[in-house]
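Structures follow.
First chain A sits with chain B, and in the next complex the same chain sits with chain C.
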Partner chain A sequence: MKDPATRLEISPDAPDEAARIRSSRIATIAIVGAAVVVLFLVGWLTTPEFVRWANLRNIIRAAAMIGMIALGMTFITLSGNFFSLSVSQTGAFSAIAFAYMLQWDWPLGLAIIAVLAGALIVGAAQGGLVALGGNPIVVTLGFGAALFGLGSTLTDNKTIRTGSTAADWMGTARPLGIPTQTWAFIFLAIIAAVVLTRTRFGRNVLFVGGNKFAAAASGIRPSRVAVQVFSISALAASIAGIFLSAQFSEGRLDSFTGDDINAIAAILVGGAALQGGEGSALRTALGAVFIAALENLMVLRKYSFGVRKLWVGVAILAAVSLFNYLRSRARTT
Partner chain B sequence: MTDTPVAEAPVLSMRGISKRFGHIQALDNVDFEVRAGEVMALVGENGAGKSTLVKILAGLYRADAGEVRLNGEAIDLGGVLKSEHARIAVVQQELSLVPTLTVAENLFLGSSRGAAWRGPRRVGEDAAPFLERVGLEDLDPLVSIEHLSVAERQLIEIARLVARDARILIFDEPTAALSEKETDGVKRVVRRLRDEGGSIIYVTHRLDEVFDLADRVTVFRDGRSQPPVATGELDVDELIHRMLGSRLEAMYPPHGTTRGEVIMALENLRGPGLEEAVNLEVRRGEIVGLAGQVGSGVSDLLRVVSGTVPPFGGRVMLDGKPVPPYNLGASIRMGIGYASSDRKKDGLFLGRKVAENLTAPSLHLVSRGGWLLGARERAMSRRVAALFQIDPGRLGSIAGTLSGGNQQKVAVGKWLGPEPSVLMVDEPTRGVDVGARAEIYGHLRDLAEQGMAVVFASSDVQEVLGLADTVVTFFRGKVVSVRPRQETDTTTVMREITHRTLAKEAS
Partner chain C sequence: MRALRRITPITWARAALFVGVFLIFSLAVDGFATKNNVYTIFEGFAWQGLAALAVGITIIAGEFDLSVGSAAAVAGILAMKFIPTLGLIPTILVVGLIGMGFGLIQGMLIYRLKIASLVFTLGSLIGLRGLAFMISGENTVVLHDLEVAKAVKRQLFIFSPFSLTTIAIFVVVALFFRYHRYGREVLAIGGGRNEAVAAGVPLARPLVIAFALSGMFAALTGALSSIKSGSAQPQGFEQLLLPAVTAALIGGVSLFGGKGTALGIAVGALTIRFLNSGLSLPGAPYYVVTLTTGSLLIIVVLLELVLDRPELRNRLRLRRLQRAMARELRSS
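On to the complex of A and B.
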């Protein structure tokens, strides 16, 4: 049996299968990109003010806020832990904490570090509970409610003014005409993409999401990954909170209401596999742009709140159905 | 097939069936038939087209060409419901029972007879005759499925199809997950259903089952069918020859020549599934075969040694150093590789690329400071692929698209990445066709010749005797004997793994 020439030639697989699946992966990002392009075309043709620079700037700023939260949550989804339902509360709580610290005349840098450190602890705690076997949806729902309650008690449901101009630049400046939030979003998207595709940690996240048991058998600890991804998500939400606080010079408990769903929508429109193991940061970022532009266009068209939510829901359902169909086709034939 | 007597007319006959996926002609003008009261075996290597045919019969795929006749009448099998209406049913390879429901509820799943409002007792009474027909008359129909063994679940799966009044039953590798003893239960049911006039299509990789069970056998090769042959007119060699064509080759490589120093020693190792402490020494260049049925402790021992489950006591020494217990990462880094028996559950990332699968246990070797080194990772996956003869053109493919044999090569081969000194494989050839089996045996022997120690567990006695240099037999969580290959034979091993008292007399 040592002469390879005498070995049996075996198990012919379908070689074009691989090419087809590769192309279906490329297709996923093309579909998300095309959806964004079509949306902008529709907006351009139907609503002249949609494509004005001032409005486009609003879109990319809104996309940045949703996008930063969604990028962090993408790690949770890819690791097979579904979603976090505490990101809007984490963002709002961070905004409030940041506003208080500036009120107390803390140096800007210290305030940022303190808020991020706090978020890291909150995220790691949620990840820890999930690692111990908690259901991610239930754990984050509970933490979200607790954070909201704590924030409500601390602020007495009042808006907290920063009373400081230290953070103004951070919230309102536009280097090269682009809002700071958008720069941060682009920067974070690149970091997230690099981490997911080029680092051992990113590979571990995708492995745990792809098959938790096989990951464990390869020496990866799914529980450690859970702590890490929930920490990242909380960190990202907290960055969004700091930017929002800086932009409006205030922290409010209701400042991120509805952004849990928007972030989840961005991830799903980006075509991440709901059960984990497949998806990309870049696609989530495009998904965030899509959701932000859709919201913006509907506001310009004077759609009511309810109708807007309806269409975001339709977009989620359409994207999930389409990507599921593509995946099942790739799997069965 | 001319002038078939009326009594011998097939219940189901398929003529000129073709099915193409992209550039691959999965089935090319295939003929197939089965008579009433007959077991028709369907054999062939992976990729020969067996499962495509089964899926066409189940209504999951639609044939591109050809016709299907049921009792002489042309029928349309486009869709699962039409297939069910034709009273064709497939006993699933992956069991499709609901673990939290009772036996009776599962039996009538999807039928109004299982409705909850009828009350558990009446549903249970309805279930009794069907349980009796598959030899489970002693089973309480109200116990929930999760408390049953794999073998019992398999029989309930069959009973469910019988309850649906299926007349043509397709068994797709029903015994792949069962030990030899448990297989007997399935075989008994197959014979009974045949004697009652049912038609059985039996897809299997185990050739002994073909001769044991089937009246006739149809061989598929490269998407083409050969005319059915009565099993009485064949022997094993002839059948293998028909399956492989000119590619026939001896199944097992020659036994080992080199034998080095002790590399791994198990010292009083105890753990879940083991009734007694295990002491065992494994040498470099040696292939140790752990023979035992499902539940005998062979798989449990590998799980404890690999660090997958915590031991109760004792220790594993590797090259003179103790291995930290229950620490997979440490075990891998110290040089123990372990491929479990269930590659779909914990062996592969089916949705990820083959290349990523091959480097999964070796990420610490292809990264620096947490950064994956692309060039090093590619080199590693190409090296491992070459060692296990995995087509380098498939490295970019999604692992789930490979055939069973190639998936198994990836699941075992990936452990060569960390260059272990001991490679442990549980059921090295489960669900793998004849050709890929021979190839996997050859690779394991090559690795041993290069100084690695190989420990494998198997419920297939021929496999243990064919591959191992040292045979360790297990019965009910205890080691029965440790013997060099030359000092044991089929009868001895068989006796030792099935019957404790006889084994004691023998030794």
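On to the complex of A and C.
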């Protein structure tokens, strides 16, 4: 009990309430975990090829791409800024920029740093507008369109080949049998979890998301947090873009089409509260695995595109309703 | 004079943009200010303006309807399926009513479940898109009777039955928001929800009205423009949100809700169409239009945030207060 925060508990009911909220959090992660397990069981029983190693590797690679984007966006959601509609364009733009830089024979490290720095600026600009009071959806809608338009204009709407083998290892290697993307995803998930739970910045994000005015009154600047979370999200999308560019040795503007929605789906299935303040990196990661596995299973079972979309929508609605209900019960009983 | 003084700098900026864009393109682009091109501009306005009205109304109510694009896609496919049996006008009415019914249910659920409309309509954005693919069998649905399409886009001076319908809808909505109590309630819950409820506005009514109108206009957008082009695609209208939101914001709909007029949205939508036409006439590809629209959206948001002085002043005051409190905490 060295944590100074515990001294602030004045109400005699407070420890009880904390325990209740903690138990509801454990329940949430158990539900998300159980959903993933049930999905794999169903897949195993109905579709034998679903659990083959080659297919599982596809799933974890897809989950890694959605997951990296979703992990970054989790910071936005937790800080109470809903989500971003520009991550797929940020990822695609990064993929193109990376491909160009390799084409120009830039060293790999320099290219990566340059792309990430660019993403950071774009993210910070969006965060800045949100910090001034802009609606995050509208701001990111505008930036997404501008990035897409700019990227198409620069590339003349063509695919950009990297023309270099420098990044091949990064894109296609499988250390210990697991794709590099998945390693990056696991690594980023751990970093995100540590940052959110163990650092002052992470607690500030959750605090601002939970109650912006209380956070502002206690000296946290919500505007600064907004700039930070949008930068993190752009950075994560850009990392996914670099990996994609490395994997296929090319950058294309449509390479992340639909991944905004998939990333949001991962966050919501992971049970993050969309009004902010609650959620975790680990749960988002599990959500990404769930969405990727669900998509994969439905493709294997030859579900049509429309039916697949419908089921992703159903999964989101079910998750949002269930977690909303659980949260309201944890608060009122 | 007093009325003139009440016009804020940002409104002047909007009017200047509207007139300026038209004048610049008239001078710079051959064939821009011709009767036929103005007809084309109004044809674009007919569907994008309607979509802007759909989204704009929900923003005015302090909410956000993300699902308009998917709703329009479903409505377009439904219209294609209904026309052979129902005929033109009943089809438009039926699809409009279906859209309204959907919006009604959506609004009621958002009110009942107390889920942020952003989240809820994100769900319907995905779900309706899936539905569009299912009912179309994943294929483009084609209208065989092209006479119907001609009836919708027949040129009457610079208008067509389609753009006249949209203009009529704008007039009705403008009157509704200006003079009818239910319309004013929508503005009230957008501006200060707690105050409005405290003053006796039943929150459910304006909320449901806003989403019902949004659903209906989205459906009409999809139905009319699909009939006009003679085909509907399940992946259609995917980029509808960008021009719609941009038009609404250029037209003076406040991001914070509670502010905005149908006339403003019409001006905003026409500004977007001027830009679109002025860029495409000399042959700029579609993504240049996307780039311009996106940049315009960012600029409008920035302008609103900077020029909206009371907001900024409050924010600065809050920051000063925070700094003072932080100093005090540190010294104690």
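Going forward, the second predicted complex is superposed on the first by the 312 of 333 C-alpha atoms of A that agree within 3 Å, B and C clash if a C-alpha of one lies under 4 Å from a C-alpha of the other, contacts with A are read in each partner's own complex, and residues count from 1 in each chain.
Going forward, a contact is a pair of C-beta atoms (placed from the backbone, for glycine too) under 8 Å apart; a residue touches a chain by one contact, two chains touch by 3 or more.
Only a predicted model underlies this, so the values are computations on that prediction, with no experimental measurement involved.
Of the two partner chains placed by the overlay, only chain C lies in contact with A:Gly306; chain B stays clear of it. Residue contacts after overlaying the shared chain place A:Gly210 against chain B, while chain C stays out of touching range.
Legend: residue contacts after superposition of the two complexes on their common chain; A:Ile178 is shown touching neither chain B nor chain C.
Applying the stated contact rule after C-alpha superposition, one finds that A:Arg198 touches chain B and leaves chain C untouched. In the superposition on chain A, A:Leu108 makes contact with neither chain B nor chain C.
Of the two partner chains placed by the overlay, chain B and chain C both lie in contact with A:Gly219. Once chain A of one complex is fitted onto chain A of the other, the partner contacts of A:Gly277 are limited to chain B, with no touch recorded for chain C. Of the two partner chains, chain C is the only one that A:Val139 touches; chain B does not reach it.
Shared interface residues of chain A (contacting chain B in one complex, chain C in the other): 216-217, 219, 221. Remark: chain C residues 64, 66, 113-116, 118-119, 122-127, 129-134, 136, 138, 234, 241-242, 245-246, 249, 255-256, 285, 287-298, 301-302, 305-306, 308, 311-312, 315, 318-319, 322, 325-326, 329 touch chain A in the complex.
Chain contact summary for the complex, chain A toward chain C: residues 82, 129, 132-135, 137-139, 141-150, 152-153, 157, 216-217, 219, 221, 223, 261, 264-265, 268, 274-275, 304-314, 316-317, 320-321, 324.
On the chain B side of its complex with chain A, the touching residues are 21-24, 45-47, 60, 222, 244, 247, 249-250, 253-254, 308, 328-329, 331-333, 338, 340, 345-352, 356, 360-361, 363-364, 367, 370-372, 374, 389, 391, 393-394, 396-398, 400-406, 433, 435-436, 438-439, 441-442, 445-446, 449.
Every residue of chain A that touches chain B in the complex is listed here, in rising order: 1-2, 4, 6-18, 20-22, 198-201, 203-204, 206-207, 210-211, 213-221, 273, 277-278, 330-333.
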